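Order of writing sets the chain letters: A, B, C and D. Residues in each chain are counted from 1.
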Amino acid sequence: MTVREYLSPRSLPEALSLMERYGPDLLVMAGGTVAMPLINDGISLPERVMGLRHAGLDGIAQRGDVLGIGAATTLTQLLAQDAVPLLREAARNTASWSIRNMGTVGGNLFTPPPGGDVAVALLALDARVRLAGPRGERTLPLADFFTGFMTNALAEDELLVEIQVPTTVRETAFIKFGRKHANTPAVVTVAIAVERRDGRIGTARIALGAAGPHPIRVADAEAAIVGSALESDAIQRAADAAMRECRPFTDAIATEWYRRRMVGVFVKRALERVVA
Amino acid sequence: MASTIVTFELAGREVEVMVKPMTTLQAVLRYQLGFTSVKEGCRQGGCGSCTVLVDGEPMMSCLLPVEDVAGRRVTTLETITPDEGVHPIQQAFIDHTAFQCGYCTPGMIMISKALLDHDPHPTREAIVDALAGNLCRCTGYEPIVAAVEGAAQATAGKGAPR
Amino acid sequence: MSPALNVVGRSVARSDGIGHVTGRTQYTTDHVFPGMLHLKIVRSPAHHARIRHIDLSEAERVPGFVRALTYRDVPHNVYTILGLIGVEPEEEFVLAEDRLRYKGEPIVAIVAESEEAALDAVARVKLDLEELPAVFDVEEALKPGAPIVTHWGNNTFMYEGHPCRRVRFGDVEEAFARADHIVEGVYDTKPIEHAAIETTACIAVPEANGRYTVYTNSQAVYFSLDNTAIILQIPGNRLHFVGGTVGGGFGGKVDVIVEPLATLAAIKTNRPVKYAYSRSEEMQVSSTRSAWRIYVKDGVTRDGHIIARKVTSYADSGAYSRQTPYALTKHAANAAGPYAIPNVSIDAYCVYTNRVPSSAMRGFGITMASFAIEVQMDKIAELVGLDPWSIRFINAYRDGDVKPHRKVVEDATLIETMQAAAALVGHDLPAEFRTMTSAPRHAGEE
Amino acid sequence: MKLRGTGVAAVNYPTGMNLGGDPSQALIHATTSGTFVVSLSSTDLGQGHRTVIGQIAAEALGVAMEDVIVDTADTDTGPHDMGTFASRATHRVGNAVIAAALEVREALLDVAAEELEAARTDLEFDGQGNLMVRGAPARSLKIADIASAAQFKYGKTIAGRGAFMKPKSPVDPETGAMDPDSTEAHACTVAEVEVDTETGEVKVLSIRSAYEVGRQVNPALVKGQIVGGAWMGMSHALYETTAPYYPDPGHAPKDFSEYLMPGAHEIPQIECVVLEYPSSNGPYGVKGVGEMTANSPIPAIVNAIYHATGVRIDELPVTPELILRGLDAKRRAALVAPAADTTATAGR
C-alpha cells in the first residue's frame, strides 16, 4: 500500500491521540533514517505514517542531576551538549554528519544491532526512559526497555518521549570499533561508566553493542572490576568475562567469532582508557 | 491518498508543490522542480549523493518527507551556483580534478559547503569527518579532500561564501 | 621522440567539468517524460526452484497497476549477451519460465503509474515454488551428482569442445621433473560489486515515428541496442539509444538487463517506461565480479628462474555466463603474468552455480590472476632466498619473448617500470638490475 | 602490538579485447564557424573520455581544443563502437579519430589549395588553427575560414570518416594460441602496511607506484586513474565482498553500510611516477590505464601483510579475522615446536 497519509503532530497529546485513533498499524517515525530506506525500497509498505520531527519532542534540559533528552533530539544536538561527555563521544561515532542531523536519540533505541551506538552509551549511564500513553506516563530503566531483537517494553499505544540520564557519572569510556573509522556499523561498541569509592571501583557498568540481540550489560565483567583499582589483572578478568557473557552474531560485517574476540580486546582497551 | 500543498524556501523564493503523502524532498526537487543536481545513488541514506542543506544543515533529501521541510530553507547545488562563473568550492573541484564520473560531485560540494560555512578553516581531520557520509567510487577521495582544502584557502579571509 | 605535440600530453581541464560541478550534467534518470511509467521486478526468493504457479490477481488490483509482463510477452526470451560475437548457446532467460536458477532472478515485470504502486504490486505477487537443491561453490558444482544449473548441458561453459579455456606451451611436466623446487598455492577471491554511485537505469520512450528512444547508462550503447533488438525481435532501426554520460561503470553497465524490458513495456503500453535498479538490487542481483579459485603450481630452479607454471582457475559465473567466458579467455592469456616462463599449462573453467550471475568488472579476468601470481612470486622468492625485487627482475619478460599464448612481446617495460618504482621508494637495486632493460635478449641469454 | 611491513607487486595489463573483432568508428565534420564535431557512440564512464578524445582530435586536426566538440553515444548520429571497457576507449577511438581527422585534413587541403592558389603539396598545418604555404607565412588561412569557404563558396563538405579495428583473432582450442589485445601497459607498486596484532586491522600507510602507460594524453587524468585505482585496489584487498562467507550465499550486503569500502579516513599516502614508452599502435603511442590501476595494489598489500606478520593470506578480501586466525595458528605452532617456526622470518 502506498502511503495514504503522513501525519505530523505538533505536540505530544496530538501524537498520542493520533496513535489512539489509528492503532498499531500507524508507523511512528522520527528522523526517518531507519524507516525511510525500507519505504523507499518497498520493503515497508505502511498505510499511515506519523512523523515526530515537529512534535516538540526534541531538546535537552538539565533538571538537577538528570539530563532530560527529548526522544526526537537529533544526534547533532546530542553532540552539542557537554553535560555528559560519554554521549557526545557516542554521537560523534554514529553515522555521518547528515544522518546525525536527522537521526534521533529515541530512534537510536529502536535501531537493530549492529546499529544503536548511542543506546549502548545510555545503557552504561543507567539511563531511564519515559514512556507516555493513554493511561499516563511511566519511566523504566533502559535495561528493562530492551526485551529482545527488535522488541521492547513499549506498549502498542505508548510513545517513547524522553531519555533521562544522570549527570553525576564522571568516569566513562566509549569505543566503537568498526571496519572503518567513520560511518560504519559496529563490529563491537563498548561503553563503560564507573564510580569509585576511595580509589576502588564501587559501581561499574559495562555495556556492549553488536554483541547481543540489543545493547547488553555484562554483569560478570562488571563484577570482575568492582572492588579493584583497575589493575591490569582485573581488567583482563573483566575482558575475559565479557567474552564469555556476550552473545554476538554473524552478519556482513563480522562473524560471531571475531565479534567475541573483539569484545575482549575493546573491553580491555576501554577500561584502560578509564584508567588513563 | 489526497495530495497536499507544501511550501518551502528554495533559491531565495517560496516554492509551492502539490505532493502525495510522504514524497521525499529528493523526489520533489528532482521530478517536480527539475533540480536534478540532487542525485539518487541509493535512497537509503548511505551515499550522500542527494545531500542538500535544510536551514544550512546538511541532510539526506532521500530520507526527508517533504512535509517535514515546510517553511524551511532548502539549499541545493543549483542555488549556490552563481549566475556567472562558479562558486569557489566548485572552482576548487575543477582545479583538483576532484571528480571522475561526477555523480557524487553535487553531494560532495554540498557537504563541503556546509563544512566551510561552519568552519572556514577546517583541519584535514575535520574535512574527512565531514565527508564520511558521502561516497565516491572513482577518485579515491584524495582529490576531493585536496579540493576542500583548496576551497578553504581560496575563501579564507574573504568571509564565508554565500 | 615524435614531433612536438600541441594538446596531447597536456593536463587540459575536463570538458565536462563545469557540468559536473554545477550538477547540470544530465545522467540517464535526470530525464523526465510526461506520462512516464515505472517498471519493477518480481524476483526469485529462492536460489534454485521450479515455478508451480504465479498469482498476479492481487497485484493487478493495486491502484496504479498498468500491466504485468511475463516470459510469454518476450519475443526472444532466451538469449546470450555475447551471442553478438558468436558465443553459444543462448541460455539466459529475460524472464524466468519454469525454473529459477538464482536468488533475485527476474520472473515478472510490473509496470505501474508510480514507483510506489509498482513496488506495492510486486509485493502482492504470489509465487508457488518447489525449492530444488542448489550449488554455490565452483568445485562442488563440478562434482558428480551436483545440481545441474544450465538447461543445455552441465556446469561448465564449453570452449570448442573443452570444458575450459586451455593454454599449452612447452612441457610443464618435464620441467616440473627437473625443477629444484615446486611451489604451490591456492588463491580464493570472493565476488564483489561494482558499486558505481549511479545505479543501472534506462528510460524507453515511444516516438511519433514508431521508433523507441532509449536513454541509457550502458557502457556500450550499440551492444545494448543490438541485444535489445534480438530479444524483442524488432529491426534495430526502430531503436535509438542515447547515452554517453555514465555515473561510473567499472564493468557493471555492460550487461543488457534493463533496456529490453523497459523497451518491451514501452511497446506494450505506448508510454515512456523507466527501469532503474535500486541500490539493494544493485548490491544483491546485479552482476558481480566472479568469485575465483586459482591453483598455481610453479617449477623453479634454485637460482629463482621459473621454468614451469601450471594454472587451474575456476571463475564462478553464477547461473548464467554473461561476459564470464570471455573473462576466462583473457585470464588464460595473462595467467603466466609478465614473466618469461618457457613451459606453461593453463586450464580456465567458467563454472555455473546457483549464485547471482557474474560478469565484467575492471580488470576482467586479470585482477585475480595478478593477485595469485604476485603472491606466488613472493613465496618463490622466500623459498629460494631472494628478495621480492630480484625474483621479478630475474623472470621479467622482454621484447621478443613469446608468451604462452604464442604472442610475441613487443612493448615490454616491466623492468623499466620496476626500476622506476624502486627509485620512487628509495630501494637500491644491485647494478645488474639497475642496468637491465626490456630490449630483446641476446642469443643464449636467459 | 603494531607490526609494519612492505610488499611489492608488478603487473602487465593488455589494451583491448578483440576475440570478436574490436571496432571503433568516428565521424568528424566542420560547421560553418570552423568548429569540428566529433561524432561517436562510445561512452564516458567518468574517466574523461570526451576530454581525451577532444585532445586527440584537436591534435590530429591541428586546431585548438575549444574548436572541437565531442558528441558521444547517440546511435542515430555516432557510428558504431564496441563500447567503453577493456581499457580500449582511448586507444581504439583515438585511432579512429586520427583516421577521420586525416580525411578532414585532405578536404581542408583541397579547399585551401584553391583559395590560396597553391599546390596541395606546398601547404602545411601550423597546429594552431591555420593552413599556410610552406615557407610563406603571409599566405595563410584560418581553418575556420577554409571551412566557411567550403560551405558557401565551393559547396563542399569538410568531413572525415575514421575506423579502427583489430580483426577478430580466433583462439586455438588446443594450445590457446591467440592475439587478444593490442599492447601492454605495466605497473609496479610498493605498499606499506601496519597490522594491529590484537584486532587484525590493517592500516595501509602508503601505496607508491610506477606506471608505464605509453603516451599520456592528459597526465592529470592518468594520475586520477592511478590515485582512484590505488584506493579501489586497497578496497578490494581488504574490504569488499558480496558474499562474506563464500560459498555460503548468506549475509549478502544490501546497502553501502554493509558493503564495506574504505572512506576518506582510510586513504593512505599515494604517490606515483609515470613513464612513457609509446606503443606502436596506439594514437600518439597511447596504451591504456583505465582498468589496471586497481590491480598491483592488491598483491602489494597482501605481500606487505605477510612481511609484517608472517601470516600468508591467500584469499580476498583479507579480513582482520583471517589475520587473527593466522596469527593464532602461528602462535600455536610456535608453542608446539618453537624451532620449526620458519614463517616468522618476516624481515627479508
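Note that in this section a residue touches a chain if its C-beta (ideal position, glycine included) is under 8 Å from a C-beta of that chain, and two chains touch if they have at least 3 such contacts.
Remember, predicted model here, so these are calculated numbers, not experimental data.
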A-C or A-B - the one linked by more C-beta pairs in contact: A-B
Farthest chain relative to chain C (centres taken as mean CA coordinates): A
Centroid distance [mean C-alpha coordinates] between chain B and chain A, Å: 29
Rounded Å distance, chain A centre to chain C centre (Cα mean): 42
Euclidean distance of C-alpha centroids - chain B vs chain D, Å: 30
Distance between the centres, which are taken as Cα means, of chain D and chain A, whole angstrom: 47
Touching two or more other chains - residue numbers and ranges from chain A: 2-3, 37, 40-41, 181-183
Junction residues of chain D - those touching two or more other chains: 45-46, 48, 220-221, 232, 244, 252-253, 255-259, 261, 263, 265
Residues of chain C touching at least two other chains: 13-14, 16, 63, 114, 116, 195, 246-250, 278-280
Touch-based graph of the chains, sorted into line, ring, star, complete or other: complete
Contact set on chain C toward chain B in their complex: 13-14, 16-27, 29-30, 32, 63, 114, 116, 194-199, 246-250, 276, 278-280
Residue ranges of chain C in contact with chain A within the complex: 40, 63-64, 114, 116-117, 119-120, 122-123, 278, 280
In the complex with chain C, residue positions of chain B that touch it: 1, 20, 30-31, 34, 36-44, 46-47, 49, 76-78, 81, 86, 90-91, 93-94, 97, 99-106, 109, 135-138
Contacting residues of chain D [partner chain C, same complex]: 7-14, 17, 19-21, 40-46, 48, 50-51, 54-56, 58-59, 62, 64-65, 70-76, 80-86, 127-128, 168, 171, 173-181, 183-184, 186-190, 208-212, 214-221, 232, 236, 240-244, 246-249, 252-256, 258-259, 261, 271-273, 275, 277-280, 284-285, 287, 290-292, 294-296, 298-300, 302-303, 306, 312, 314-317, 348
Interface residues, chain C side, partner chain D - complex: 2, 5-16, 47, 82, 84-86, 103, 136-137, 140, 159-162, 165-169, 185-193, 195, 218-223, 225, 239-251, 253-254, 279-280, 283-284, 288, 291, 326, 329-330, 332-334, 337-338, 346, 353-356, 360, 362-364, 366-368, 370-371, 373-375, 377-379, 381-382, 387-389, 392, 396-397, 404-407, 409-414, 416-421, 423-425, 427
